[in-house]
Structures are given as C-alpha cells and as structure tokens.
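Got a structure here, written out as structure tokens. Questions coming.
Chain nomenclature is as follows: A, B, C, D and E, assigned in order of appearance, with residue numbering initiated at 1 for each chain independently.
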C-alpha cells in the first residue's frame, strides 16, 4: 500500500502541545518593577474563564436527568451550511421532528444541541465556537454530511475546515451529502441513545482538552475580533 | 379594513379536521426512490480496479486499495475502490464513468455513527446492510456515455478490392480519427501489465490526443523499436484487457501505435529520438537472427554503445515478420523503415549466413563478447494423420516463405487448411488470393480443433477471411487425408468436443459419430511451429538446461546456462512479435549487465 | 448591435471584437478609455443594466482582465468590455458612480484579486474573508489545495494505489527494462 | 379631527434626528447612548441563510445597515479552476442550495456554447421541466415564507410540506432530493420514470388548492396587508441604478424576465405571460411571486403535455476525463426564481476552466439595495424586507 | 380551619394549576400542529423540558438582578394565584381571596413584568433590551382597556372582590358578565390577546425579529423558572377572566374547561394572523378595546 497521503502533516497521537505555539503557552514574566505577572495567552481569545469539567451527579439522578435530556433536545437554529435546508422539512408536517422531542431554539443559551449542517467557513467556525461555548452544559453536537467528516466537497478549499472534531467535540455523525431528513432523524435517535447511555459528555471533553481545541482553533482563526452579542 | 379580511384567515382552521400527513415511521416507510443516489455498492467480481472512478471523483473520495482474495492478474489490477464518506458528494459520476458497470449507488441513505473513522469502506467487500439492495442509481439509459463506446472504424480496402492483391488492407487512421479514438482512453494503465513489453500505452495515447506525435514516438521507442511492425501485426493483448472494452469496444491501441509511427518520416527518426553520436564502448555482440527479438536486442545494445552484428540466414531482414506474415498485413517497406533505423545506429547485418552451417556458434563466441540468439520457430509441425506424407500436403510456414521470396508455389483448386491460428488465417487468405488470381474463384476451407469462439486467431482475421470468400469451419479434428490414385481427394474430420482434459493437458476428445468431409486437392498444415536448435553444438548444449517440454531454460534476463549466450524470442516465449521485442530488450539489458560485471 | 460596435470602435478604439451570439459581443478596450466607454454606453446607448464586473487572472501574460458586462434591456443585447491591467500594479479607475452595486464588486475584486480602485467606497473593509494573511486567494499563484492540506487537518489513514504501478509491483516487479 | 387622526398616525420628524454633519452623513456615536448596534445574524432565525446585517438603531428605527457576508464562502470559483469540466458539474451545484438546478444548467450551457455542442430535443424539454420544478419548490417556500417572517408560520408549514412532495418527484426523476445533479454538460441524466406525469399532476392539484388556502390566509389577511403594504418601497429609478432584477423589478413595473427576453431551452415554444405590478413594496413583491407560482404550474403542465417521451438524453461528448474546451469566453443567463442568474465562463483551451464567475441576483439585492432599503425602516420590518428581496447569501460570496 | 391546613390546600391548588398549565400549553401546541397537519410534540414534552432545564449543569449569571428577574416573575405569577379564588363555594380552594383582591391582582400582573424587565436588562443583550421596551409599552396599553373593563365591572357589581363578582354571576349562564356586560367583556377579551402573547401581539419575544426578546440570555434553571411561571400564569389569567366574565367555576372540571377555552381563544386568533409592529399594536389597543372599555363604563355610569 502506498504512503498515507496525510501522514506527515499531522499526527493525531500527540495532541497535547503540538499546535500551541511557544508564545501561546502559559508563562510567568517578571515586570521591570519585579512584579510577577502570570500570562495565559490563549485565555485572551475567548472566555473569561476556562470551561470546567462538571462531574455528573450520582448514578440514579444522572440517569433520570439524561433520560429527560435525551427526550428534550433543543436545537439551536443556526444554519451553518447546505444541510440547513433540510431543517424546515424536519420541522414541518412531513417529518415532524417535534414528536421525537426535537425543538428549535433561537438562542444558544437555551439550546442543548447544535447541528453543524455541513461545511464551516472560517468566519462561521468562529461564530460556531462562540455559540458552542455559550451553550450550557451538557451540550451535544450533531455533524451532518461529508464536509464535517473529512472536508467533503470542499476538501481543498482555503476557507472551509476539513474535520470538525478538531475544533469542537462531535457526538454523532450523519453521512451523506446532504443527508435526508430521515437520516437526520436517525441521527437524533442515535444521539438520544448516546445521551441515555451517559456517553454524550462532549462538554466535559471540551473542558478537559481545552488547550488542544483552542490551539487548533487558533491555528486557523487569525482575527478573533467579534462584535459583542453577535453569534 | 374590510371585515372579510379579518374573517377569511380563519379558514385555516378547517385543517384541524383533515388527516395528518406526517410519515408515521420515517425510517422504514420511505425508501429512497428507484433512482436514488445513496451509498455505494461494488460488484467486486465484475470490477477490474481500473480507477476511472478515482479519476473522475472531484473530491478525491475514492482510493484504490488491495483487497484480500482478489488477485492481480491480466486485466484486473486486484485493486478495488474504497469510498470515504467524509468526501463523497453522491454525484454518482463514478457510477456513470465505471468501465464495467460494477459500481452503483443503492437507494439506502441512512448511516449514522459516532466514530467518523467508520465512514470509509470498500463497497462490495466490507459487508453493509445495503449490499443486497437492487434499487438505486445505475448508469442512465439510453445512449448516455462519458466516453465513446464504439471504435472509430478503421478505413479498409473493400473485399473486392483486396481479394486479388497483396496490397495492405488497413489504411491507417487520419489525424482526426486517431484523436477521436485516442480520446476514448480512460488512462487506467491496466493494459501495460498485459503488454509483454510493458509499453507506456496511456502515455502515447495521451500524446496522440494532444497531437504531440514526437513525444508519443519517443514513448514508443522506450520499449519497442519496431513500432511500424507492431502497429500492424501485434497480437495486441493489451486490447483484450482494455477497460473500455468491458462495456463498449476496446481501444484500437495497435492502430494508434501505427498512427504515431506512420506520422514520422524515416529521416526524422534520429532527430526525434536523439540517437546521434552514441559513444561506442568497444565491445562487440553478435545476434543470431534478425527477427523481432534479434532486432530489438540489437537496437538496445546499439543504444548502449555496443557494436552489434546480426547474422541472418535469409537474404532479407525481419525473420518471421517478413517471411511468415503476408504482405497485405505487413508491407515490406514498413519492415524496412523500422530496420533501417536500427541499422542507422551502427548495427550490421550479415545476410545469407546460417549460423550453425555457414558459421558456427563457437566461432561467434570467440569473435564476440556475447551472443544473443533469437532464432525463432521455423519448423512446421505436422498433424501426423494418415496421408500427411503426400507431396501436396504442405507446411504453411514453407508456403509463406516462398510467397515472400516470390517463388512459384502450387495452388490447387480446392484447398483445406488445418489450423485455427493467425498463421492458418494468413496462409488461408494468401492462398485465397492466389486462387482468385489463378482461377478467378476461391475454394478454401480452414478448419481447426477449436470451435468458433475459442479459435486462437484474431477475430478480425476470421471475419476478413470470410469476407474474402474463404470458408472457416472450425470445431473439427482431422482424421485422415483421403488419397485416391495418388491424388488428394479431401480431408475427413470428426467433431471435436473438447481439447484439453481436466488437468489442462492437450488431450482432444472427439464425437466419432459426427464426421465431415472436406473436399480438397491440396492440404496445408498450420498447427504450429517448432524450434530448430541444431546450430547449438553439443559442447555448448551441455551447458544449457533444457526442460521437460523441450525448451531451453533461461533466466529472467534471458541468459542461458552458457553465460555468454543469451537466448530469446519465439523459442523461449511466444510465438509473437511483441514477446520477441520484450525478450530482446531484456536480453540487451542482461548482456550489458553481463559484460560490465562478468557474471 | 453592429452600428453600436462600429460607433464605439471609432470613438474608443476598441479591439478584438468577438460576436459570441447575435446578442452578445465581447470587445477589448484600453484601460484609460474603459470608464468613459462604459459611461457612453450607459447614457447614450441605454446599456442601463450592469450584469457583472469581474476579473480574470492571466498570470502567463502578467495581466488581469477586467470584464464589465452591460445589458440593454430594451434592445435585449449585451456587450462585454474587457480591459487588461498590469498584474504587478493592478490599479483601475473606479466605476462606482455609475451604478451603486459597482462598489461591492470592487470590494470583492480588491479582496480576492488585490486590484485597487481608488476612491471606491468601503474598498478596504473586509467583504468575505476575515483575518486573511495570504496572497489574495483568487490569484492563480495561490494554491488552495496546498493551503488546505497544510492548514485544515485532513483525516489520516487514506492512501491510494495507481493501478499501473500496483500491477507492476505485483506482476513484473523486477522487469529490468523499466 | 385631523389632529386626532395625526395622533394615531404619528410619524417621526426626520429633520430632527438622527443628527447629520454638514455633508449629510450620519453622526453615529455609540457612546452617546442614542444608538444601539444590533447584529442580525449570522445566527438569527430571521436571516435568509447564513449572513449578517449590522444595524445601527435609533429606538426601533434603523439609521444605518451594513451587510456582512462570507459566512458561507467556499471559494467555488477558485475550486472550479482546479477541477475538470465534468468535476465542476457536481461542484457548481452547491453554489445555491435552495435552487441548485440553475447552476447545473448554466454550467452545462456554458460548456455547450463554448464547445458548440447541440443537445437532444428530449434533453431540452427535461431541462426546462427540471428548472421549472426548481422554481416551483423555491416558491413554495418563499411565498408563504414572506408571512413566516411576520410570525404567520402556518403557510410555511403547508408550503414546505408541498415542497417536499415536489422534492419527491425530483428524487424520482433525478435521483437526488436537494442536489439533483441532473443537467450534465451534453444532456441530462435520465428519462421520466413511468407514471411520473400522473404523480406530477396530483402534486400540482394539491398546490393549486394550497394557493387558494394561502390566498385566504395570507394575501387577504388584514394584518399581513398592514405589515407589508408600503414597506420596503423600491422606486422605479432604482431598478437599473441598483441592478434590481427578477420579481423585484417586475413588482416595480419592469417587465423583465430572461425566459421571455432571451428565450433559452424551449421557453419559446411555451405560452406564458409575465406579471407586473407597480407598487414595488413587500406586498407587491409577494404577489408577484404568487403569480410566478401560478405561471410555473401552468408551464409545467404545458411541458408535460408537449414533451417527447423518449429519445436520446445526452449527445456524445468527448471523453469527460480529458475534455478540452476551446479557448473563449461566454456569458449565459437564465431566470431563477430570484431573477437573472448567469455564468461568465472563460476557457483557456485546457481541460480546466480558467474562470467561472456567477452573477447572482442577490449580489446586488442583498448588499447595496438592502442596505439602502433598511434605512429608516423599523427593526421589525428588517426581516420582512430582506425576505421580500429573496436574498440568498451563498450566491453573493460563493 | 387553621392556616397550616389552608397553606397545604393552596400548595395543592398550585400543584394542580401548574400541571394543568403545562398540559394546556402542550394541548395548544398539539392543536396548532393539527392545523399544520402534523402531530406535534408528545403530551409529556413540557414536563421533560422542565426537568431538563432544572437539570442543566452550568449557569452563567450576569449579576444579582439577573437572578432576581425570574424570581420576580415567578412571584408575580404565584402572587396572582395566591389571591385568586379558584372554585366558587369551595372552602379549600379560595386561596387568600379578600375584598380588594381584584386591584391587587392587577398590580401583580405588572409586578412580574417589571421584575423581568430589570433582570433581562442586566443580561446585557440588545435583543433583551428591545424586547423589554416593547413588552412594557405593550403591557401598559393592554392594561388600559383591561382596567376600564374592571372598573366597569366594579361599577356594575359594586365590588372589587372577585369572589363577590363570581357570586353575583351564579344562577345560570344568563347572569354571566359576558351577557350582562358584553362591552366590558369584549374589551377585556381583546386585551387578553395581548396578555397571552400570541400573534398578533407576540412582538415581545418575536422569534424572527429579536430572538427572543427578554429571555434571550436566560437559560437552564432561570428558564425553567420562567417556564414554570408561564404555565401557572396562563391558567391563572384564564381563571381570572373566567371569574370575571364567565361565571367562575364550581368544580375543577368546570375551571379547567373554561380556562382551556379562554386560553384557546388567543391561540385561535394567533394561528391565523401575523404580528403587529409595536406601534401598530399600541395604536390598536388604544383604539378598539379602549373604545369598548369606555362604552362599558358609560353604560354603567
């Protein structure tokens, strides 16, 4: 078999510090007055505080809560790509996702899931990251279509990412370009299953590997300026 | 502000009493449409791993990977497409372009996973739930093709024009025709492995398409110093595996090669091939026989700087190409064109010198640093049925020799040719012409053991022979030549049921009850030729290893047991031109290696 | 159509007239004359509808081609005006006073090709890209595939085989003539 | 009495605020707290697709609007430069997700016009059918969608359901639900399946019933009229100045339709008329779209009646794996549901296009025109005006 | 009956009202879904939503008022409940109804709104601010015809106690205010459309203009509190109207049926109309319902 095309470019097994440039690593500097200043450069780019891992409550309670969470998935109405054209059919008579406990919310604060409906341009990725960080834990990510898996149609585009799982944790992938509403519903069913089994801990994963995610994000987003209250 | 405008909207509420239109079970109630483009399925037994799907995929979603249990063989690369659903966009161009119609998209469309690495699989190999789903996207009908399915028809002489003369039948492509034909190539490269000389077929076809004849010509000479000859009479094994041929007609690779060679004038050869001023390295090599193997070896040796001398038993070069193949297939001036170029590289030919009679092999050994023997198969084989010793029972090879040399031969009114190979067709058609000239009519029957579908002769040879009014009646085993009063009356044959036994050995079975009789005054046997290695004297022979089938054993560089003697061509492999060329080339490399490292 | 072309040929010395269809003609105009030609066509010949304005990169000739396609909605004819500007100093007179949307086109051209249009409003505001540090992406010398593979972590584990090479390695790996 | 009436129909005095400098430019000082900056989008249920409008508000009133795009930029025009012409075919489709078929058609047409290729008659009819079906499915979303912007979502629910039925037909004919990838350079990719005409007629009847229902629900709705009449007025003199095309121009009295003006495919063999209105406000524009819907239904019926049932679907083309298009350039256009939609294709004689540039109607509608129209509009009408222009961000940034 | 016992029954009433409110909400959603010809959410959906919201793991606060907003809102809702007689003649479910409870209830309606305004304002999102300004201006204008109708009732029955108004309507449906004082009823029912916040008066939340107004920044438990309150408030508002105009209820079934229908009235209108702009809405309330309210007062003057 021939040489792996992408082997030399990245190595998934060493995620820790690889993408964090030296200047982004936390360090302590001493000012001319002799004062010690602790600098955490990555922090400047998004949150006031790092996200924290919130351990699940005791088993029985968590199980009950997960059941409720699974049956009440509030999806953020953020159409990031082509796939969002299939959201209206999902919410209308033909497919009626409401009966699966799926509802749309217009603000990230109230949403528990986000559908990344396809390719993400860098400009949108920036908003998606902000939106994702604004969503309260536990939060779930449903990735639609080839584009989120390995770049899809836009694998060689200079403005779209190739794989979503480097920037935010993904719970369920739905294959297709674009997936039909039925496939999306199947995605929701799978997501529910995952939540009920207590495996959908994307938010905690994000908090744990925060530096890695942030490093990846920072590698491609050059301009972190964003207006307040713009998702 | 009409009251009506307030009240009419309330008609919407009538919907409350209408039935719900929601699909009850969206996962099962609604399979994709009959043509839906869902996930891939590949019929791996039909697939040949040509990679057209990979070439057309704009997303680089398809990789060709080796698959366990599928062997690489002629016409099948052993690779199978693997689809990355992180790339696929369901456009189904891969299905439309598929050269074997093995790939299709099923109408299954739901695939949900938590692990993105799952979304990559080899359709038809990795078992998926939709493997047995017959619906889905297949190549559309009618007349929907991504490349020409039909060959550009080759201009030929009409049977009436050709059946009395030995003028070349095939006229050759014009530029437009050649480009059109070259356009059909999908550049898979499967043909290369099948070609004994491993010619860069897709590359020179691309050169034709781009109208870059000189580039194409250079590519030809990389592996084949006899393009004019090969372009006419090559057995074109490449075309039998051409991936385009799976659904449509295979590319006329041979004619395209001929097209390139035809476009280049003799005087341009040296300029294009940049073969002027090769430094002589002072070593000398003798080549026995100026057939394809000999000429090929001489050519590549000359390019490496050796002084090459060819010993030829006949008065003209070319060996079997000239003396075995009728002129209407391969005009002699084309042989000369190729040979003259090789001679222009400094190769000398000594004609009318039979090694073994006029000069001994040991003498060559002493005069030269190495010897390459490509002496070919010049002994006709006989069926050895009763009556073959009659004077009007001929060997086809002898007749063809005589026709080439312009000697008078016996042409009877009714002739039967025994044999179904290309040589049999050659003699059949040559004799048909002579009959036509002599008697104004054709009465010749060619018969063979093999039935119509498994005759070793090229299909077009059979068709053309029939066009020239020869009768081809295959599937019969010769039993006896009936001779009355010293004159041949005909050939008695019985139906042949099978040729090889279960172990693949030659062991024909006949249906003795089903007999036939072909009336004839003259019988020509053309069931193959044998080699004549009398010229190798006993002291040399004792170094050689000869296997149980009577063939001389050589290594992969055609070096025989006697280190200085390289043997190639029909006596080793074949018989055909392209094997000879390949052997000659390899032997040239072998000689070079031998003389430089003395192993 | 023909009389218009003749008229502008004499007035603005346009060249390379190609009649693609009976209602679509391509002409080439010198850089200095272009804006006055467009103004003339809009005001006199009633080519009131600007269809598009875009650029083509002819990197071999070191030129940018600007194409203005104008449409006359009453006569239903189109005329496309091509202007070549040097690639190493890509500056073009702005046409934003003629049509409102031209400013947007020029913003895009500035961002995607790096063509300058002095005086064009909001020219330097980013339009599509955000935080772009490379050369303008629509230029031919920007290699998007290379940029993408180096930047966006394509998934590993892919690898393909060329049938030709693979068959060689399987069937005749030691062929000395190759 | 007049005074009392004025109390109810109070209009702000524009001369007093917002303040302007001597050049007539707005003085927007956010720190004065007279203004609010609000971003509509990109994550905003009211925007048409993934775009943003930066609004500067004074109270409920917009004093400045700026369109921000680029959230969907994939660089199609760059990507197509490194794809074979046949590979551009699935790629270009994605340029507009709502109505992908026009991209397919225009690419195919560009290639055919540059290479002087004629397509079979059946393919022409099938292409027209697919283009009209595409218009049908878009309009089924956008006609009630106008009311959806004003929170009358019931029409959208019905419309999207019917659109789904049209998509089912698409699936049968083309094998794709949203991205049909059917019009290939040289022809189309399949004949009508058996019984297609019957099923099409069933759906058309349902749509006609739907039109009656949305007439009652939307167009005869007093509140819909109140919210849309007089809002988002485009004066006639802006049409050429701002490059307004399609239904938006027709609502202002300009009888412009590519299907009539520059007939392509078989539109010259079909009998239809172009509706115009002169009010040029949101209501007029949605009425025009409703009329378009009726025209489209009629056109589909005509096509169904007149089209040949079989025949070749694709003319022979050179091998698509190395199809070289002669050097040249061409502009081809078609009438999408939003207006003139065109491809400007430049070929340098190689296997790859030199440049393909898309001219989408939203390029002008959603940027300069929208920015202009929103000034002095109420923030509540922003979404409504935007949808009435039927903006589609992917065709702005591509 | 001691106060403990009373409190227990109040809590029981609150529990019933809350669950009925959630049920009513989901029923309305299902009815609306039927108009769209689909099934809609399952019946248990609101309970799950609430559990999920209370079970959300992290919360982001924007300050103390941000906390207090939902609390104020809930106390507004519960406040109305506390003083609302539910079942006429029942000694258990009359809550803390007293002589001037009608005025207190009108006050509590505003209390929750104001608290919410302060809290949401602290959230800092411009959409919240716009939503609040819209909400307050609309609510002010809703209150005017509402108050006029209440005044008309006060004059008619010569009392400001809800229990007494209900008592005055007993003895058959011909005694209901809707028949004895149709103008006041009409004014109040129209202003009720505004109070329930369905189309055409849903501009406070206006999902596709200013998503979604005051609660934009509220999430997790905050939103849970708001939703709990909404469920209680919707029923209790309907009960208020039932008591004032439709003869009250003598048992739980009657209460549920009547409040369901009163709530349905706003849905019935809401489904088929788009929304007003804020100034249109204000103008409308100051035109038609105001006029009806004035007429109602003039008649009983």
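In this text, contacts are C-beta pairs under 8 Å (C-beta built on N, C-alpha and C of every residue); 3 or more make two chains touch, one makes a residue touch a chain.
Just so we're clear, the structure is a prediction, and the values are computed from it rather than from any experiment.
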item	value
Chain labels contacting subunit B and also subunit D	A, C, E
Each chain counted as touching subunit A and subunit E at once	B, D
Chain at maximum distance from subunit B, centres defined as averaged CA atoms	E
Chain with minimal offset from the mean of all protein Cα atoms	D
Longest centre-to-centre distance from subunit C, chain (CA-based)	E
Mean-CA-position distance for subunit B and subunit A (Å)	57
Subunit C and subunit E, separation of their C-alpha mean positions in angstrom	61
CA centroid of subunit C to CA centroid of subunit D, Å	24
Centre distance in Å when subunit B and subunit C are each reduced to the mean of their C-alpha atoms	49
Overlap residues in subunit C, where contacts from two or more other chains coincide	129-130, 137, 142, 144-145, 155, 157-162
Touching two or more other chains - residues of subunit E	35-39, 126-127, 207-208, 211, 271-273
Touching two or more other chains - residues of subunit B	9, 12, 20-22, 32, 58, 65-66, 84, 86, 89-90, 116
Chain pairs that touch, as defined at the top of this document	A-B, A-C, A-D, A-E, B-C, B-D, B-E, C-D, D-E
Subunit B - residues contacting subunit A, complex	20-23, 26-27, 30, 32, 39, 58-61, 65-66, 84-90, 109-116, 119
Subunit E contact footprint on subunit B (complex, rising order)	9-10, 12-13, 15-16, 18-22
Contacting residues of subunit A [partner subunit C, same complex]	1-7, 9-10, 12, 122-123, 126, 149-151, 155-163, 166, 216, 219-224
Of subunit D, residues touching subunit B in the complex	83-84, 86-91, 154, 161, 168, 171-177, 179, 181, 187, 189-191, 193, 213, 216-218, 220-222, 225, 310, 312-314, 316-322
Residue numbers on subunit E that touch subunit B, as the complex places them	31, 34-39, 268, 271-273
